[in-house]
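Just so it is clear, A, B and C label the chains in written order, and each chain counts residues from 1 on its own.
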Amino acid sequence: MNLFTSVHDVTDIKQLVADALALKANPYAHNTLGKNKTLGLVFMNPSLRTRLSTQKAAMNLGMNVMVMNMDKDGWALETQDGVVMNGNTTEHIREAAAVMGQYCDILGLRSFPKLKDREEDYSEGFFNKFVQFCGVPVISLESATRHPLQSLADLITIVETNPVPIEQRAQGKKPKVVLAWAPHVKPLPQAVPNSFAEWMCKAQELHMIEFVIAQPEGFELADEFTKGAEIVHNLDHAITDADYVYVKNWSSYKEYGQILPYEGNWMMNNEKLGLTNNAKVMHCLPVRRDLELAAEILDGPNSLVIQEAGNRLWSAQAVLKALLENH
Amino acid sequence: MNLFTSVHDVTDIKQLVADALALKANPYAHNTLGKNKTLGLVFMNPSLRTRLSTQKAAMNLGMNVMVMNMDKDGWALETQDGVVMNGNTTEHIREAAAVMGQYCDILGLRSFPKLKDREEDYSEGFFNKFVQFCGVPVISLESATRHPLQSLADLITIVETNPVPIEQRAQGKKPKVVLAWAPHVKPLPQAVPNSFAEWMCKAQELHMIEFVIAQPEGFELADEFTKGAEIVHNLDHAITDADYVYVKNWSSYKEYGQILPYEGNWMMNNEKLGLTNNAKVMHCLPVRRDLELAAEILDGPNSLVIQEAGNRLWSAQAVLKALLENH
Amino acid sequence: MNLFTSVHDVTDIKQLVADALALKANPYAHNTLGKNKTLGLVFMNPSLRTRLSTQKAAMNLGMNVMVMNMDKDGWALETQDGVVMNGNTTEHIREAAAVMGQYCDILGLRSFPKLKDREEDYSEGFFNKFVQFCGVPVISLESATRHPLQSLADLITIVETNPVPIEQRAQGKKPKVVLAWAPHVKPLPQAVPNSFAEWMCKAQELHMIEFVIAQPEGFELADEFTKGAEIVHNLDHAITDADYVYVKNWSSYKEYGQILPYEGNWMMNNEKLGLTNNAKVMHCLPVRRDLELAAEILDGPNSLVIQEAGNRLWSAQAVLKALLENH
């Protein structure tokens, strides 16, 4: 692996999950693999989980880490070619990315969408130019349209908590995973649900799970991410007999970046949990309690959110290990 | 030791001081104790000494360190339970603390008081919830009401510079330490003086020192921190024959967070130094020259402030060593 | 070497360049030299290249690194003596620098000029006080008037790409290096061109190069930096037969900090490149494309800017190595 920006960069996701769980069992087994290698983490936007888990993952492999907050430490980057730079941008991404590649063996980049222009966001122009010009392997720390380290951590969490008994798995029984849209007061990117859907569709193809997306009409994700998923517009129907409910808000893709009106109660709580197969509840965090997800679930026995966040570490470490082994 | 938030978390302060001085003599004697362990430093407020000394202390023990500036890198945390999070807070401390605990073996937290609501500040609600939810040992990097790493460094500095000849110590002679209130233009927390008083009262109990607090009326600290201290409202009387004068401003506890009117000259200078037993002068820094403390003292032979700041390193290293040895 | 603030701190620049190129060939040859040593990087201003390259350089030598953004993490420093600190400054540089020296074996400092008061900027008051009070070796990460880590990287780049055939060198042929003023929309410091000129004048003295400065009238640098340089007011004349063109904007020294009117086209492009001896083009970055320097050059075969930025690493590592070996 030479790049980690989506599920399409991974040859074998089952193996990657297995690698991650092996690292979780034995975190320091490869603690010299990254000797004399430097990971640069470039944040165009704030980060808590991603920053800490990826740093820790790199250190577990013996790498050095340098963190660059470009929104604060640095300066505004120009991304367009053919522009006379006599305005507010002080450096072109061609130079900035190439320079960072001079000092780092692997780079991680976080770059959120602006949610103004769908075509611009979905072209991943900034992210792709960074990859093009930096000259070293790049890990997505969340781009405009995807958050693959999160999705891998989610899959790890599902695999390690799979409630289907071994004998039933042999008979083809798979856990039912529901991505459930939830309310929010701010318009959020589609990156996490896009990416989760993309990974779960792949896992469904590999007969690891069954995948359903529950969302009000108008909140359909872009088709490219949801191939093979069942899409349901009623939360209660969708979560019936679910083994996992993955709660997440997103703004509309169709009416780009908008919060559309919707009907019904879309917040998971204990009453709705009663419809499920005693489902485990997941969320990528940060979560707004009692708006996106009931506090009674977060504080109850069905919540996986902290374990899921913990798995961000093994997700990042497995990806870094794969990149290091390729060089 | 599993927690370091006040003198009450320490079983034997004499031993802890001795450990710190042993580390000062031999900083790298335990440089593999922290191998594969990660310290996370979480700052809700700015820091210079604490940030650098604690990082360096951890590295001396072979630990990895990750720094998180939550006021800048992160987001506003919710601390109340039962709140529908549809406002400005983007994550609850229950999740944020638990997540940080997933990536770190020990966490340090700095969280200043707001100086608006005494009950809220003195409940240490934010700090205690962080400790409760993070699931790993926590070191205070200064909380609303205490700054124990500073106080330990202060005690280390007094022990290593003790001016009482050995033979007089055997006869019960102890250095006289005076905490001396000083003027300032801004209302400052009571955390440093509370904590210093608490540690010095303990040291007095153990016959290590004699302890006096000098302050204008109205600036009494909360009783819980000053048990056993002599409280004097005249600076000149208090510092007569003193061996150490610990200069520090604080705002009123009684008229909470206020700067009260006061009489007399409360700034230590060379003239006042003449009243003392050639006292060493201490201050936790940052210090405002010629407002809190005369420049002539800071630049003169009686100042210990740089040595004291240097001892922050050994204070932190002794505490980290104790926490690591307990796990 | 005990200090690195200008070319005058270096005994033998040829040897220092040779050391840097040896490190470039073998980056980890001295990876235990910095064991248990800590480098503190103090930034009063933003940084990308300097921050990352100096961190990486230190890590290559086995040092620990702590980064301090004083403009964001810290507080406003007082630099004047004899001031009652009852205003906005919260700590005096006497204490702040001394404290940082307690926790670090070597300190790096970046401190830009304000471009308001020439005498103040050129006195390097802030920088020199920091050096005076911190008590440990200091590396300039760019001061008000100089950027020596950049200049050393520039010289390394020229030495490693020297186009003069060996036999012609023996006959005294030297590469012609032109520092070429370029347009900009903002008034920039003279630190980079001052420093480049100072290093190139020294290299010229040592018969390593020939050095010419091209600039519109009124943009003369201070005499102390340009002794021995030929100064030309016409870009085309200056760059004729040049082997290297070092493009850089700066504001006026005479009319301090001003952007003066000028005549002619001062932006290097491919047409002007035709006047040169197929010159390599350099720039310290960040560069504003098609304002300071034509994109066609930056994207073409004559640009050295990324290699030059990459050499910042070896520049910093050679300097750190020299400082470490001296202690």
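Here is the rule we go by: a contact is a pair of C-beta atoms (placed from the backbone, for glycine too) under 8 Å apart; a residue touches a chain by one contact, two chains touch by 3 or more.
Treat the numbers as computed from the prediction; the structure is a model and nothing was measured.
Residue numbering shows that chain A and chain C use the same positions for less than half of their mutual interface. Superposition on CA atoms relates chain B and chain C by a rotation of 120 degrees, given as a multiple of 5.
Separation between the centroids of chain A and chain C, computed from CA atoms only, is 41 Å.
Touching two or more other chains at once are residues 72 of chain A.
Chain C makes touch with chain A in their complex at residues 27-28, 31, 46-49, 51-53, 55-56, 59-60, 69, 72, 185, 285-291, 295, 298-299, 305-306, 309-310, 312-313. Within the complex formed with chain C, the chain A residues making contact are 36, 38, 40, 64, 66, 68, 72-75, 78, 81-87, 90-92, 94-96, 98-100, 102-104.
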